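Below you'll find the structure I mean.
A, B and C are the chain letters, set down in written order, and residue numbers restart from 1 in every chain.
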Amino acid sequence: MRGVLSIVRVSLRQAVGGKRIIALGLVGLIPAIVMWLASQHLTERAAFQRFHEAPMPILFLMVLPICALVIGSGAMGDERRDGTLSFLLLRPIPRWMIVAAKFFAAWLAATGIVALSGIAASVALGARSGDYGTIGPVVISVAISTAAYVAVFMLLGHLTSRAVLIGLVYVFIWESSITFAAPALANASLFRIGLTAYASMVAVPSDFDEVLGNLAPGTWGAVAKAVGITGLAVWALASMLRRRDTVSE
Amino acid sequence: MAEGVVFDLGYRPHEGPRLGRSGARWALYRDGIRRVLGLRRRARRKVFPVVLMSIAVMPALFFVAISVVAGEFDSELTFFGHAQYFELTGIMALVFIALAAGELLVPDRVHGTLAVYASRPLTTVDYLVGRALSLATVVVGFLWLPHLVLFLGRAWVSGFGSYVADNWPTLWKTLLASLVYFAAYAPLALLIATTSKRAALASVLFLGIILISGGATAALVDSGFNALGLLALNQHPGYVKDWILGTHSHDWIPQQAGFEPLVSLVIILTLAAMFGLLLVIRQKKAT
Amino acid sequence: MTTSPAVVADATVEVNEVSKWFGQKVAVSDVSCSFGPGITGLLGPNGAGKTTLLRMICGLLRPSDGTVSIFGIDPRRDPGVYSRAALVPEEDAVYPFLTARQFVAYAADLAGAPRASVDESITLVDLQAAADRPISGFSKGMRQRAKVAAALVTTPDVLILDEPLNGTDPVQRAHLIGIFRRMADSGKTVIVSSHVLAEVERMADRVLAVVDGRLAAAGDITAIRHAMADIPYRVRIEVDEPRRMAALLLETDIVSSVTVAGVILHVETSDLGALGVRVPRIAKDVDARLTAFEPEDESLESVFRYLVRRR
């Protein structure tokens, strides 16, 4: 257990160290700034509507995927590139525990940044409308979507040095364009997992249905999906670490 | 007393021409082109540039083929005008610049080869201009090439001489618009590339800034903060392109905010100058 | 009973008919050997397969053929074996944002070693003064010592070191060799891959030479040299009547060539033992004063050179 906690601690430092955290933090401020400025002189209802028109899409379609991509793909990818993967693997700790610890650290880091961004935007909504009820649902839905993204990108980051490129194509072309054009593809979209949880906790505006496609709102379903994706990714990664050669780049 | 001896191992100094600073600049430019296109590198480094360029040029070739088969140029058949074509190639140029900027600047810093350039007759500005020119050659080339194909295809079908005589301004206008796209994106991408040790992360950050600026400013302009329409970084090149080509392909955010296209052009050039200056400062520190 | 110098009786690490190929390239070919208490030097030219072999022993690479075990356990199947084995890799496998103390503490935590051993390990490698500085600011030699400290903090029974002396100055080298020697003397298995032949010669109890992925020689350095019967021995003889001595030596059937350089004779012979008997007799016959008789090519460097030349 001590070893696993140490992996989490060091990995957290790795994930949020240096200029990365400053850049991601600045990006994370944007939804709150947009909410604050865009909801001036609006009624409570209009402010609530505006919250779901701009800050929420920016949070879930841009801030969350970017943070998850940067942090998730680096979770194992950075270890391999820096040559420290062999250091980790030559320890008397089962592979799946190493991977789970890396995932947990990456998820904590990404969720922390994105959730703070969401909280800031929700507080801006609350300050305008008196309704702070979105804070909890935003945090929960962010945590769920982030888990799914980080798991996938962590696996991708270990598989290929082009993980970021593939992730960019997935986020900005598949999720931001193609899945909107074809609602039937909503199931293949990671950010929507969290949004289904959000939609079950908050009385969302009617045009939210366009975003969800044919997905039904539901928190536990979303949690189950995220846990399933995470479990699969951790199992696959641990399997690979056991079977494949560990070669530094 | 200790003795020493030097053995003649047959070393001969270079006795050919010394190409000097211009030779060094040319070599740097050629190296930049190779890096961006993945030439003299593994096959997988060529995949992305080749795929992007194919996607950019294929529609133009397809439309020309349709026109040739039909034996005439019909603007309805070709679906895309020159202005609309930039909607496709503009996004690709954005992604390409995001990835190529990191490839051009990050490896030299990370692998310590900046010292090699510093020991040659190259200044920091030479280095950055060489890298920028390499990127410009490829990006502007791949932005403009489909328009050239479309233009020549249409000219061939419509009576070459008369079509060219009537429509030759299209050539320089589309070239100018391509340059505008490059000026709007490349300086920021190169600047961000100097802040990270991982080219991929620099790409993500650059794309994130560009795309979020569009999303955020759209909401703010909608709410009446028209001045913030100037921060829609991904909108200015399209707006200026429409102005150059005399078309209206989209309701651009700066336009909705009430700004003229000239303002967008000024913003592009001002930001390019500012990012360029910061780039020189950062690069001097790194060297 | 030991059947080959490549195999030891009390082996802790066993390599059994191991091969490794990467696509068309064969990096290691049918190597069988074992390692036990003491220091074993693993030698070979660049690209010989030493690092590949070490990484297979550690379980980082899967053998394409054959088996590897540490204390009878396949390290790829049971990571628990890493509580008794440690690798100091050649590459820079450190976290630059950690201080040396934090890095060693991390290694201790991962192995469940007591925190008290962190300071001990740091002191052992003489890194106390820099222990609280980030590793990013360390020289190559300091990074090597940090890696060694991280390996030693777990008090392993098997210590595998890939080029551990790279980047270290002579004082640091002597210090590290002293540490390895003490470990070996206490019954631990130490495997050292190195290019610094003179140092390996000093510290290793036995050597394994790998050339082109194959095991080229194994055992004691002198014994390896004697096993190279096809390569004449070079002997340096110092005598005050060199020319008369040289003439008589050439008349014998065991000397193939003699080079005279002042009072020094460089003699090539096929039978070192017989030459050792003949030279004093000849010296007495010519009334010459013999002041030195020493083999010139029983050093590890000479042996290594011959092994590489034979491929």
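What we mean here is this: a residue touches a chain if its C-beta (ideal position, glycine included) is under 8 Å from a C-beta of that chain, and two chains touch if they have at least 3 such contacts.
A quick note: this is a predicted structure, and the numbers were derived from the prediction, not measured.
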| item | value |
| --- | --- |
| Chain C and chain A - chains in contact with each | none |
| Taking each chain's C-alpha mean as its centre, the one farthest from chain B | C |
| Separation of mean Cα positions, chain C and chain A [Å, integer] | 50 |
| Distance from the mean Cα position of chain C to that of chain B, given in whole angstrom | 54 |
| Distance between chain centroids, defined by C-alpha means - chain A, chain B (Å) | 31 |
| Shared-contact residues (touching 2 or more other chains) in chain A | none |
| Where chain B touches two or more other chains, by residue | none |
| Complex interface listing, chain C residues touching chain A | 55, 58-62, 76, 79-83, 85-87, 89, 91-98, 106-107, 109-112, 150 |
| Chain B-facing residues of chain A, complex | 19-20, 23, 27, 30, 33-34, 37-40, 50, 53-55, 57-58, 61-63, 66, 69-70, 73-74, 161-165, 167-168, 172 |
| Chain B residues touching chain A - in the complex, by the definition given at the top | 48, 95, 98-99, 195-196, 200-201, 203-205, 207-209, 211-212, 215-216, 218-220, 222-225, 228 |
| Sites on chain A touched by chain C in the complex | 2-3, 5-7, 10, 13-14, 17-18, 82-84, 86-95, 242-248 |
